[in-house]
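Okay, so subunit A shows up in both of these, paired with subunit B first and subunit C after.
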Partner chain A sequence: MIKFLIKGLIRDKSRSRLPVIVVAIGVMLTVFLHAYITGFMGDTIEMNARFSHGHVKVMTRAYAENMNQLPLDLALMDVEELLNNLQQQYPEYAWTPRIQFGGLVDAPDENGETKAQGPAAGFAMDFLSEGSREADRLNISKSIVRGRMVQEQGEALLSDDFASKLRVEPGDEVTLIGSTMNGSMTMYNFRVAGTVSFGTEVLDRGSILVDIEDARLALDMYDAAAEVVGFLQTGFYDNEMALNTASSFNNKYTAAEDEFAPVMKTLSQQGSMGQYVELSNVWAVYITMVFVLAMALVLWNAGLLGGLRRYGEFGVRLAMGEEKGHVYRTLIYESVLIGIAGTIFGTATGLFLAALVQEYGIDISGMMEGSSMMMPSIIRTRITPVDYYIGFIPGLFSTVIGTMLAGIGIYKRKTSQLFKELEA
Partner chain B sequence: MKYILTAFLTVWLVTGYSQPKAEEILERIDQNMSSENRVFESSMTIHGKRSSRTITSKSWSVGDEKSFTEYLSPAREQGTKMLKLEDQLWIYSPSTDRTIQISGHMLRQSVMGSDLSYEDMMDDRKLTDTYDAEVTGSEEVDGRKAWVLELTAKVDDVAYAARKLWVDAERYIPLREDLFAKSGQLLKRSVMSDVVEVDGRWFPKTILYKDMLKQGDGTEFKMLDIKFNQDIPEHIFSKASLKM
Partner chain C sequence: MENNAIITIKDLTKTFPMGKSSFTALEGINLSLGTGEFSGLIGPSGSGKTTLLNIIGSLDTPTSGEALVLGHSIGELSAKQAARLRKESLGFIFQSYNLLSVHTVFENVEFPLLLLKMGADERKKMVMDALEWVGLTEKVKSKPPQLSGGECQRVAIARAMVKKPSLVLADEPTANLDAANSHNILQTMLKLNKELNTTFLFATHDEKVIGYLRRKIYLLDGKFEKEERVGEDEVELKEVESGRRLSK
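For the complex of A and B:
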């Protein structure tokens, strides 16, 4: 029976070619867009998590209220003790202290006078402790443009554009001018170990990355940190799990009225990231639903057109004694075969396009100038296992639903009028 | 009726004649607060939200054009030096062996985390040169009679567009001062105390500064030792002396 239907479809190109192409195009778009959205939104979320938000973040309550201003005077104290507690209580996370700070980076000339100066966004992370995964987390080895990674205290990485602007090379000395957590002006010398480019406008505009111990010395923050960030050991953000952890942690401090008591916030509870996380969760479902609906309408229409074209054929088959149910079922079987063929073809094409964009990316840096949100300036798709089967939803189901809707007309044919119609 | 009129005229004449003009009060303040030159040691206790810390320093200044400050303690700040020449300010940090010029918005930053900005420290000009004044009344401050003066800037390059001063009616020393932005917002408040006579002039040895936009309990500035009209070598006010 199936063999018979396949033969029919292959021999009668008008029955298979257009529907297969329509299904394939729809499936291709679905697969590609799903990979695109997964890649773009996932990259944005993980990039924000890695560089700034963490999967969860512990701060003082006062700091959390003003976190956009990076108020170091409201930083966490006794961080070693806090880290030990967090590691014991929540071992499913990797915990690490961080300090984000602002300041000026001043490059001296050979006489020690200012050669160039620029405002910098500072990121202090644990680069030098044994077993620290911060460098890997930020993918620094792949982001280095010139020089090398920080290997000892007193060294810093500058964003490549910033280093060019300051006219400094790896090996040169620069001075950080900033404010300590007490508000005093501070100056601290760093040797430029290397320059980095993260492909993100916000980070590449003017950033300095230093080891946290150097930042503590520079900013007078002994055993202090602006924040302690936690990353799920799985490496991927899980909103539900993060919310549970934050709730469990914060419950321990509900009674304390100290504004310097620690508070934990998930990535989705920081800034506009909540909306973004929510959006990324439902976006793929929305797109698939829209495609299922759109494809169902298109294929219903295609089915109706096919039904009209095959009006005579159905009439002959019914006149020859074939049951209406049988005609209807064969039509459905045919649509299943068309759906499968179109889906396979569309999925393969969609995956091919997604693989191309995953490899080469789409450069949107021109659109990112002046952006304050940490977003990748090169958009890459991300092919996930879902992409291998997501096309079957619109490709197969919509085709079948469309055909089922269009095929209802078969039951409206009256046997008594068939010969009259055939004569005509 | 005759008696009432006589009493009114008497009160009016007494108060009117005994209240000096605003310009005269400003001149008397300048005579006390400004000098040809001075050398002083001071301590600055900054009362932050979490802790307090004290910084000591020694300063040399000539008029309102030149000043040189060396920080003596704590260890973290020791050896830090500041040089002001007219409207330029340099800071030397011994840990980096770098001298940086402070300019633009950085002048509004806090000095050592205190309630004072670099701009506050730099502006030593006489009040008579920078503000128009008006006496608006008299009040009692810490048991002393004080004239209340409202000052409006007559030059553009002052840090505060308006000031309100409570001036000791006898010693002509400000006992309290409110500093306002152009918008009328109160930015800083200072309260002077421990007024002593040094070399024939009255001078407040303790000033409590409070940045009204900042949390914390203010900064207490104490003059530990002050000498006027000293013989200050000229080389102190050079960039070379920062690294000495």
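For the complex of A and C:
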């Protein structure tokens, strides 16, 4: 009987090929969209983590309260000791000090007069220590447009757009004009090693990247740092784990009244990132649910049409003594086969498309002009293990549900009308 | 010919609800059919012949009275029991053949045996036997769209006969066929009736079919009107005449 049904299924294209195509398209869209959302939201989270928030961040309490103002006078002191403690207590994280600062970058002409200047967001990171992963973390080597990476003290990287505005080339000198952590004015010269493009409007607009030791000299921050950021060794943000770590760390300092006592904040506890993390967690579920519903409706409709087309066949089978329950079950077996076939094709196609977008990305920089949010301007999908099986939910589940709904007509059919119905 | 009764109908009435009132399709029908009969329910449209065929075929139930088919009281059968009766003991031939178009002739004829869960070897032998009865052994691999109307109806006959049912019910089996094919089909059924002693019951108003029947049960407006029995010799003569006509 199974062989008989499979033969019918394979030979009747409108009963097999069309539903398989419909299921495959739905599954393909589900898989691709899931990978797209995971990629886009994950990229945004990771980009914010790498450039700014870390997976967790240690600051002084006072700094944490005024974080948006980047108050260097409230920075952490005795950072080497703090780093050692963090590395011992939380080895699952890679810890690194950072300083974010604001300032004016002045580009002089050949006479030493100001040629151009502009406000810049400054990032001081550990570029030059042995074993530091900061340059890799920010993917700087691939982001360099002109020149090279910082290789020695006194060198800086400028965002390429910013360098163009200042008419600065690699090898030129620029002066950072700002204030030290003690509030006095500072002017510090850097040689431009290269220019970078991060693909993020907010960074590309005007930023300067320097080694943290240079920043400490320029900003008078010996053994100090605005923050110490921690990155999970897995490379991906895990909100639950980060919250546990922060809770464990902060419990040690609950009694301290010192506003300079360290406090740890997770990425989700900084700015609006919490909502974003929550959103990224539920988004995939929403998308999948919408697709399951949409696919169920489409396949229900397809099942109804197929049922109408096979009205005669079901009638003959009932007349010949096949039980209604058996006809119904065979219909569901067929839908399971169609669902599995469509899901396999759809998943393969969806993964292929997702892999293409993961490799090459979609450039949306044109839509990002003026954006103040740190978002990737090249969207990439990210294929995760979930993508290998998520398609089975709409592909198999919806197909079977659709068929079950459509097949109810078999039970409602009156055998007393069979002769009349089969006359047509 | 009428030995053991396989159909016994007593005071059968069938009414259908029509809004607040009801429509009586059959009223006070009494009938008895024996094994091996070649008989027909004859009457114009609306006379109740298909309704009676439905009840005998366990596709419908009587409103009152009794219909005993092969010892089963149709009114008391559950849907499962009715399906089992049809599966094991009844064959159906439809006006529009109703073959499964994506399956081959062999597979169409094989289908009732699949429902009976027979073994592959036994199925193959029975299907080939049935196709031999209707002269279609060379078409086993053909599909219905590749066959003529007459060939399709012969496949339908083979499908109805393959499990050697006790009773075959045929609703206007020649309505879609030309005269030559109709006679051909009817001769095939008559031959099977004789050779296998299968009971045939037709619902028809087609003169070509009526000419072959040995027992003609006339219905009018849902009531028994009259009955005619034709001697076997007369039918034989008709067979010879029609055979001559076909050979011309």
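Here is the rule we go by: the second predicted complex is superposed on the first by the 413 of 424 C-alpha atoms of A that agree within 3 Å, B and C clash if a C-alpha of one lies under 4 Å from a C-alpha of the other, contacts with A are read in each partner's own complex, and residues count from 1 in each chain.
Keep in mind that, in the parts below, a contact is a pair of C-beta atoms (placed from the backbone, for glycine too) under 8 Å apart; a residue touches a chain by one contact, two chains touch by 3 or more.
Since this is a predicted model, take the numbers as computed values, not measurements.
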Touched partner set for A:Q275, first subunit B, second subunit C, both or neither: neither
Touched partner set for A:S141, first subunit B, second subunit C, both or neither: neither
First, second, both or neither for A:S248, with subunit B first and subunit C second: neither
Touched partner set for A:G321, first subunit B, second subunit C, both or neither: second
First, second, both or neither for A:G112, with subunit B first and subunit C second: first
Which superposed partner A:N182 touches (first subunit B, second subunit C, both, neither): first
Residues of subunit A touching subunit B in the complex: 73, 77, 104, 106, 108, 112-114, 175, 177, 179-180, 182-189, 220, 260
Complex interface listing, subunit B residues touching subunit A: 46, 48-50, 53, 76-77, 91, 93, 95-101, 106, 109-114
For the subunit C and subunit A complex, residues of the former touching the latter: 50, 53-54, 57, 59-60, 79-80, 82-88, 90, 92, 94-96, 98, 100, 102-103, 107, 110-112, 114-115, 117, 159, 171-172, 203
Contacting residues of subunit A [partner subunit C, same complex]: 1, 4, 7-8, 11-12, 312-313, 315-324, 415-416, 418-420, 422-424
